[in-house]
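Next come two complexes built around chain A: one with chain B, the other with chain C.
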Partner chain A sequence: MLKHLFKMIWNKKKQNSLLIVEILLSFMVIFAVFSFGLNSYSNYAKPMGIDYEHVWAINYNNTLETKNADSLKLFYQGLVRNIKAMPQVLDASITSANIPFSNSHMSTGIKYKGEQISQINNFWVDENYPHTLNLKLLAGRWYNKADHVPGQQIIVINNVLKERLFGNADAIGKIFGNYDDKNKIKIIGVVDNIKFDGDYQAPAKAMYALYDTSAYHWLSKILVKVSPDADAAFESRLYKFMANSLKNSNIEIEHLSNKLTAYNKFTLVPLIILSIVAAFLIINVALGIFGVLWYNINKRRGEIGLRRAVGASGNSVSYQLVNEAMILATLSLIIGSFFAVQFPLLNVFDLPSSVYVIAMLLSIIFIYILVLVCSLYPGKQAAAIYPAVALHEE
Partner chain B sequence: MLKNYFKIAIAVLRRRKFFTFISLFGISFTLTLLLVMTAFIDKVINDNYPDKKRDRSLYISKIELRGKESMNASALTYYYINHYIAKMKMPVKVAISSGYGSTNTYVNNRKIVINYKYTNADFWEVLDFDFIEGKPISKQQTDNAERVTVISEDMKKEYFGDDKSSAVGKYIEADNIKYKVCGVVKSLPITSYILYSDIYLPITTSKTKLEADKGYMGNYGAIVLAKNMDDVPKMKKEYADIVAKLPIPGKEWDHVYSHADSYIEGYVRTGSETSSGMVYALTAISLFALFVMLLPTLNLVNVNITRIMERSSEIGVRKAFGASSKTLAYQFIVENLILTFLGGMIGVVLSVVVMYFINDAQFIANLNLSLNFTVLCYAFLTCIFFGLLSGVYPAWRMSKLNIVTALKAQ
Partner chain C sequence: MIRLQNIEKVYRTDTIQTLALNSINLEVEKGEFLSIMGPSGCGKSTLLNIIGLLDMPSKGSISIDEQATHKFSDKKLAQFRNKKLGFIFQSYHLINDLQVLDNVELPLLYRDSTAKERKQLATEALEKVGLSNRIKHFPSQLSGGQRQRVAIARAIVGRPEIILADEPTGNLDSAMGNEIMEILLQLNRNEGTTIVMVTHDENMAQKTHRLVRLFDGSQVQ
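Our next item is the complex of A and B:
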């Protein structure tokens, strides 16, 4: 039976090849949309790693005249102390500009066992950072006041980097080299992953370094954890306080939750546009397949009438036509899968291969359903052909 | 002859309404998609509000230092602009403005985010903002570092409420300082990021000392205006010569790059010197367009072939009476073009509707898409391309049809 159907498809290969290419292309489109969507969803399902509600970020720039590191340190530590003393503030932390959900990124590379690992997000933080963001410590410890000693080569890394370097082994106390392998740095703690690029992006490798006093020249963000009842009136007080403390600086207060919404758009908008375009293309293709199959049946009335006349049931006729369409779909899917498999094999776009595999399976099911739906009605029509009428036309 | 083809085409279209629907659906939706995309790009790139003198302006907004292992790119310092760009001979005016920064202000316990930009006096002469009220910041006001500001229409609405009274003379507080409003201008969409801002302040009121940073990397950009269009290439050359002679600021660097760009070059500059942003943008757009068009075209080819086979008897008869393959193919392509243009017209109507909804929803504030002559030209070209692409192969198949089999099929 199957062999026979293949033969019939082969006999009309010119016409069928176009259909195959069309189904193949729709498969690729669906595969792209599903991969993108699934990847975004699987990232969305992962925990954020921090509590971003009721965390504000104050942007400032250091405009103090003094170049003396000690007086800068005194000033900024006093500033943080004063902010923390405000009734609605729970904690505050001065950090480098790459706070979560900001467009600012800093990255560096490290050397471990002769291997260069690059593109590690580099955060400059102080001892209040985890409490301000409610960042969980997985192993070891965070920095404390005693670590503010010049020349300390210690670091806290996140779980992604830990797994990249050590797998399941313990990371505490291990040592790696900095980007040019001149300094040896000891790991003192491992923290939870933060999705600092928003809900839909996978957490990346990161390390958190304690800044020394000279960094106050260029640090430009204060993260402030406030109590839930902090309102615009309080924000305006905090703003005035900052503006008066740093007279020559431009001050802005942002809410991390708003920044997250804005950042998520970078993923969501392309996904929505892609889905709309794909939906339109698929409707187009579905209509096309439907039309071509329908026409084919009208052209093959004689053949169908003959089959009915020699005793084939209506069901078996429509079964044959649906099967033919499914075989066409299978042929395209075999070619399509060949291309799709290259994505996880060659590790294109750096997505996890599970995403590609699931996306591929879903796309295959989707295409089968699409072809089935498009061929059911023409098949049913074929079943309704009366042999007497059809043969009479010949 | 053409009239005849037209009649036949309409008759064929009406015969199989379902196929006609599929074809028209495919064409019109593809065209709508492409038209909205073109309108968007056209708006972002070709809309010349407020820089109406774009054809004799060059934009200098970036400087890049490159070493063996490191690179650093950023906007320029005021010092750099003042010492190198302002001393150029060709420009008649040099507009200087900072990148936009944001700050907050709190009005009646309501928070307003304000984007601000520092501008020099020439800025208001190089650019032609539409003033709804008041007038630009004058040279004297800039020199005296007066706390005056030009605000956008949207900011006026947000800060002072919806009342019709003039905002000129009122005070707006930003960054804990009160500025007196001297003018209100028509708002810009954020996509024209080089000039976008909510409030424009005199450069002399900037909180940091302008000439304090004597390096290259800062937060300012310049627009240089030539006397006439012929001077633009010379101006470009003059700037390139200046950059070639720039002292390199440190041992870690070996090259310094900066360009005086036309608006579009500047808009798509990726920050990488080795590859042009223009190439990236063009490839991305054409790949997208091709991809969007490929499936509907294939679909159309499929449907067209089916249709031709349906008409095999007609073709057989015409061939038997002496019509050449060429005539038949020509007829079919014309028929297909007629179909495409019909779909195109529906597409244009659809895209007007879609654009209306996009504008209405204000996805990007102040970005109003519209159907203009350029966009329509693109639509026309797309239609021809579409019609030919989907018509040629079926026509070729048709002209190959054997007379005997075609006639026998009946």
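Our next item is the complex of A and C:
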């Protein structure tokens, strides 16, 4: 019977091609939505890598007139010391502007064994950074005060970069070149990955460099870990302290948890929009399949009557129509899978292959269920056609 | 072989009730070639549909081969039609998207058979009607007479004991009609197939063993 149905479909390929294309397009859209959604979920399921609750970010701009680096260093070290001395403050760290969830990125490249590796997030940090964010050290060590020696070529990298460079091997003590390979940099530590771009984005390659005294000119963020009882009144005190310390500076205090919520919307909004578009398309396809099958039944009443006359039961007729729809869906899915499988093979969008494979399987199941649901009722209607009436109409 | 007792068929709508068949009692013997005649709308096709188990009588009973078919389930009716009955229609009812061979194989798809058996039986049936050279053609590539011969091949491919023909020559010119009639007569003569044929053509009816005339749903001869 299957061969018979294939013949019927093949001989009506022109009429069926539109439905095949419609199912194919739906599959591709569903595949995109599932890939995007699965990737987002798999990233969401990963740990954040830091404790962002009760961490505040103070934005400032350096308004001090002195150009002496040592004076600046003394000033800012004193500032941080004073902040840390406040009763609700647990720790504080001055960093570059690209703090977590800030939409600010600084990237660089490195050279390792002749290979240029680019798009590495570059963070300028101090020795307090991991304590402030509760960033876990996986191997080696973090910076200490003894590392503030000019000419030190050391670096701490995150686990993504470590795995990219060395796989499962130990990274500590390994050396790579900077972006132009003129300076050699030694790895002293590996830290856990941080999802800098929010819950739904995968952690990217990152390295953490210890800034020197010249950096105080342009550093513009202080991360402050506060105790849970730190309230608005304390925030106001902190603001006033900063405003008094840095005259004419634009001071702003943000909570990392609020920044994360805002940043997550960057990912969720496109996903929601894509889902809405996909939902409309699915409804369209469902109506399309339903309509085509309904039209088929009405157009093929004579054939249905004949099949009943030569030995098909009502159920056989119903199964036949459902099976025809499923075969059409299969043809669409074969073509669709050919295109979909290119995504993991060509590493499009740099998503994990498993995301594409699972999304493909889910999309196939989804399309089959959709086609099955849409063909069941027309199939049932076909089964109810009275053969004598159908044959007489013809 | 076929026994109809007090068959009555009433078509009801919200406002009208039409008596299509009234107290039909009919027996058809095995190997008999019976023709049914009557003016348009007298119930000939309705009677044929009831004999072919495509329609149910409003009243009365029908038995084929001593089996009371009105008690059959939909599935059993379908199996019974498949094994015992073959249908030939005035408008051929061929599936235009299938080649001649596939059209003829159609009844065999609804019983246990291999593709090889189906092909062999369908080819034999087409040989019987003289169309073995047209198996790859589509119905649209055939003449009316050839289409009706394909329909006959489809009706006989499952080797049914009974063939029900609803004006098989109605759409054909007299020469073609005679050819078709000759095939039916041969089937009846050589293979002992019982045939019940509805026709408007007196000449065709005269060639059969027995003629039943209907008028306004009642049997008048």
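As a convention for this text, the second predicted complex is superposed on the first by the 394 of 394 C-alpha atoms of A that agree within 3 Å, B and C clash if a C-alpha of one lies under 4 Å from a C-alpha of the other, contacts with A are read in each partner's own complex, and residues count from 1 in each chain.
One rule holds for everything that comes next: contacts are C-beta pairs under 8 Å (C-beta built on N, C-alpha and C of every residue); 3 or more make two chains touch, one makes a residue touch a chain.
Remember, it's a predicted structure, so these values are computed and weren't measured experimentally.
By the touch criterion defined above, A:8 reaches chain C but does not reach chain B.
Contacts of A:345 after superposition: neither chain B nor chain C is touched.
Of the two partner chains, neither chain B nor chain C is touched by A:369. Put simply, more of the residues of chain A are touched by B, taking chain B and chain C as the two choices.
Once chain A of one complex is fitted onto chain A of the other, the partner contacts of A:361 are absent, as it touches neither chain B nor chain C. In the superposition on chain A, contact is made by A:303 with chain C only, not with chain B. Once the two complexes are laid over each other on the shared chain, residue contacts for A:315 go to chain C alone; chain B is not touched.
On the side of chain A, the complex with chain B involves touching residues 15, 18-19, 21-22, 25-26, 29, 61, 63, 231-233, 235-236, 239-240, 243-244, 248-253, 277, 280-281, 283-285, 287-288, 291-292, 294-296, 299. Those residues of chain A that touch chain C in the shared complex are 1, 3-4, 7-8, 11-12, 302-303, 305-316, 386-388, 391-392, 394.
Looking at the complex, you find that chain C touches chain A at residues 45-46, 49, 52, 54-55, 74-75, 77-79, 81-83, 87, 89, 91, 93, 95, 97-98, 102, 105-107, 109-111, 115, 138, 154, 158.
Contact residues on chain B toward chain A in their complex (touch as defined above): 18-19, 21-22, 25-26, 29-30, 33, 101-104, 106, 109-111, 113, 175-176, 207-208, 292, 294-296, 298-299, 301-303, 305-306, 309-310.
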